[in-house]
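After the structure tokens below, expect a handful of questions from me.
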Amino acid sequence: MPGLAVTGLSVDYGHVAALVDVSFEAEPGAITAVLGANGAGKTTLLRALTGLVRSRSGSVRWRDTELTGRSVEEVVRCGVAHVPEGRGVIEELTVEENLRLGSLWRRRRNRRGFDEVFELFPVLEERRSRHASTLSGGERQALAIARALMARPEALLLDEPSLGLAPIVTGQFMRRLASLSREEGLTVVLVEQNARSALSIASTAVVLNLGRVVVVDRAEVVAADVQLRHHYLGF
Amino acid sequence: MQRFVDLTLNGVTNGMIYAVVALALVLIWRSTGVLNFAQGAMAMFTTYIAATLIEHHASYWLAIAVAMGAGAGIGAVAERVIVRRVETGPALNPVIVALGLLVVLEALAGIIWGGSLRSFPAYFSQLGVMVGHSRLAFSYFDLYVVVSIALVLAGLVVLFRFTSLGLRMRASAFAPDVARMLGIRVGRMFTLGWALAGVVGALAGALVAPQLLLSPNYMDAIFIYGFTAAVVGGLQSPLGAVVGGLALGLTLAYVGGYLGSTLEALGALAVLMVVLMARPRGIFTRVGERRV
Amino acid sequence: MTIVASGRTVTSGGCGRRLRLPHQPMLRHLVLALGGALMLFAVTSAVGPYTDYQIGQIGIDAVAIAGLTLLTGTSGQISLGQGAFIMVGAYGAGMLFVHTKLPIVLALSLGVLVSAAAGVLIGLPASRLRGPYLAGMTLALAIGLPAIPVEFASVFGGEQGLTVTPPVPPTGVDPQRWLTWIVLVAVLVMLVLLGNLVRSRFGRAFRAVRDDEVAAAISGISVGRTRMVAFAVSAAAAGLAGGLLGLSTGGVIPDAFSVGLSISLLAGMVLGGTGSILGAWWGAIIIVYAPQWSTTVSSGLGLRQGQSSNLALLFYGLVLIVVILVAPDGIQGRLVRLWELVARRMRGPGAGAGDGGTGSETRAGGGGSADLETEDQETREAAT
């Protein structure tokens, strides 16, 4: 089954070209890491995939469905979950309500149960009846990710999920993400500042610089290219 | 003493009416951030529809049901066609659009049904109930008013607190962009909010009509008081709408009863000013809530 | 070359120009007002008494709307209660007309002061309110205040109100025309004052508070006081409208100040163009003539009296909705855009947007007006 195929995607912010002719493929059951310095266009890429920003040209195909031009709700209902950088936790609702909200568009039998996400993030179970406004930054991050998983998405777009998570939790989460992706055939697109940890679980790496693709290759290859790493990835 | 009891009962009954109008306003404010100045006019229109059915020998309950359906329809169409376009942009625009809708509805009602007063059945006795040897200023009809409104309130609470639909509506109101990213069809939730308000308004219109008689303007004063109640209670809070409505109803009953009816409007103004001076965002609005 | 108030021309070079910037807008407003006055004089002299009366009503509505547009447009405070302030001015001046022999100018001015005082009183609590809460309070004001003259009937004449004897015109002048001239002169004076206020630092404070309260507060502007001043000024304009209303219609009755008045003023403001004094004139014209036009239309369609007034209302409501959806900047906004388009075309390709400035200054018709609006215009003026 095909995954996410991005072809010639270009996005402008006013007169500034944020993305220029970006193409890559994200396979199902694997993690595709999107790497690059700040301002390289990683976040813009995810936002364009979901439809939060309109692309000037190019196409995004998800399992034979064209996503460009669709509204955000429609893209999500095609099974694509997006955990944005700002997390977007709804403060006026409780943790449990936030989680439930994430699952609503799915038919009941296809939703994920609470226990599964609580296993992934035990802190959420402790806080389940509290309003989301009382959560710390890291807890909100956990909530946002868990909420995205509730609908059993088939594609998961994560924007810097490790931000705000304690290193131990990050490690755990990354490993769980990798196994989840394998077990459920999730197509994961992972934007990460921390290139090293991303490369350790990814199968494909896309390196961006100033909105353009520098290289698309298997993760091991990119990790082994010392010059590339120094130049664009900071290690 | 008897007078005080009578005034209190009156105040409660009227207060419930203001509360239900306030509730419809809060519904729309919370779901779409718009103040629906046409709420009273929408209720008037649906009540005219019910009256027409009754005049053609339909049963009271059927007429009410149809009126509620019409209310849902009018609310949904208004949101989808008109209000949707002004939900973003300067805050003055939805106000003018709603005022325009109000004028259109009242004019249409005048054209279709004429301006002369019509009666509307109460279905229950409007005679005060006998307690011992005295007659209370509270009839079975008043009981029906209070009970039906309480049921509506309970229904709304259940909807918002305990159902997925209510959760979706709340999310769409609090954070529409986030809700979209969770696959929620936010636009539909907005339309639903207006439709619900239309249903609630239809009930209010039918409950008020027996006493005030139907005319294109008959809901104007009720709307104003309902609006005052909503503002006093804080537009964020359904509980505030009810408390505001009851408080206003009681205040107006006492002012009208002890000080004379011309001063009623001034009484409402005074209540409003006092509350807003102490709490500029209404009694029940928690400071720091996102949508202010 | 720049003409300064004293008539001297200023040369460049040497010790620098004496710009006298604050005086320039006033001069321009005076010139426009004078031009408008001449035009109105010509028009009113040419038409019959009833049309003169209507022109007077337009002037009265225009000054009321101008006050409202300053409050709601420039200062960003939505008000549904302009009618209440009109009533205060009407009774204020009216009582003086009836019970004293004060000259008209004095009575009107005192009416304005009373109304401004009411504006301060209301502005005090109102300045703390935002959005729907402010709308609610002003609406309650519009409904509650007219109950006072009815309640205190012995003082204010109750439902019958006050009767005002019109001033005697000079010989040979039609009394209605004389009244209209008085009205228009007073209106133009107030509009010049309003226009100057908007150009002054008060106007900048209004806009600053409207656009970003926090930023305004940080730059040292007292938000509460600024908003209150806006209320007071708006009420003053309304007070003048009220006094003139009493004078021109020969009486002051509570019925004239219903909620409907406040709502039509709001609608007129939006239709004419929020934030613009010239827009206030368009709005006033619409308010005064719309009922007439719709009556004409519906009698043309052969409808009964009752139906025709409903048709007028229907038309009115539809216009409100359609205008907001299609042209939210109102008539004046559209005209400005049209003018800038034409001006740009006339200057040929290669002319920058800066040229639009001169074009938007020359306005035909209606005196005492400069646009209250955009920062663009302000910077253009600062540059001339």
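The letters A, B and C name the chains in turn, as written, and every chain counts its residues from 1.
In this section, a residue touches a chain if its C-beta (ideal position, glycine included) is under 8 Å from a C-beta of that chain, and two chains touch if they have at least 3 such contacts.
Remember, predicted model here, so these are calculated numbers, not experimental data.
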Worksheet item: If you check the contacts of chain A and chain B, which chains show up for both?
Response: none
Discussion item. Using only Cα atoms to place each chain's centre, name the chain farthest from chain C.
Written reply: A
Discussion item. Measuring from CA centroids, which chain ends up nearest the centre of the complete protein set?
Written reply: B
Worksheet item: Highest contact-pair count belongs to which two chains?
Response: B-C
Item to complete: Would you kindly tell me how far, in whole Å, the mean C-alpha position of chain B lies from that of chain A?
Response: 45
Worksheet, complete the sentence: Chain-centre distance (mean CA atoms) for chain A and chain C, in whole Å, is 55
Discussion item. Using Cα averages as centroids, what's the distance between chain B and chain C in whole Å?
Written reply: 34
Practice prompt. Would you mind listing the residues of chain A that make contact with two or more other chains?
Written response: none
Worksheet entry | Multi-chain contact sites of chain C, meaning residues that touch two or more partners | none
Discussion item. Going by the contact rule already set, what residues in chain B reach two or more other chains?
Written reply: none
Discussion item. Give the list of chain A residues in touch with chain B in this complex.
Written reply: 50, 52, 71-73, 76-77, 82, 84, 88-93, 97, 100-102, 104-105, 147, 151
Practice prompt. Within their complex, state which residues of chain C touch chain B.
Written response: 72, 78, 125, 128-133, 135-137, 139-141, 143-145, 147-148, 150-151, 263, 266-267, 270, 274, 306-307, 309-314, 316-321, 324-325, 328
Item to complete: Going by the contact rule at the top, pick out the chain B residues touching chain C in the complex.
Response: 29, 35, 82, 85-86, 89-93, 95-97, 99-108, 110-111, 114-115, 224, 227-228, 230-231, 235, 260, 262-263, 265-266, 268-270, 272-273, 276-277, 280-282, 292
Worksheet, complete the sentence: Note: in the complex, chain B contacts chain A through residues 164, 167-168, 170-171, 174-175, 177-186, 289-290
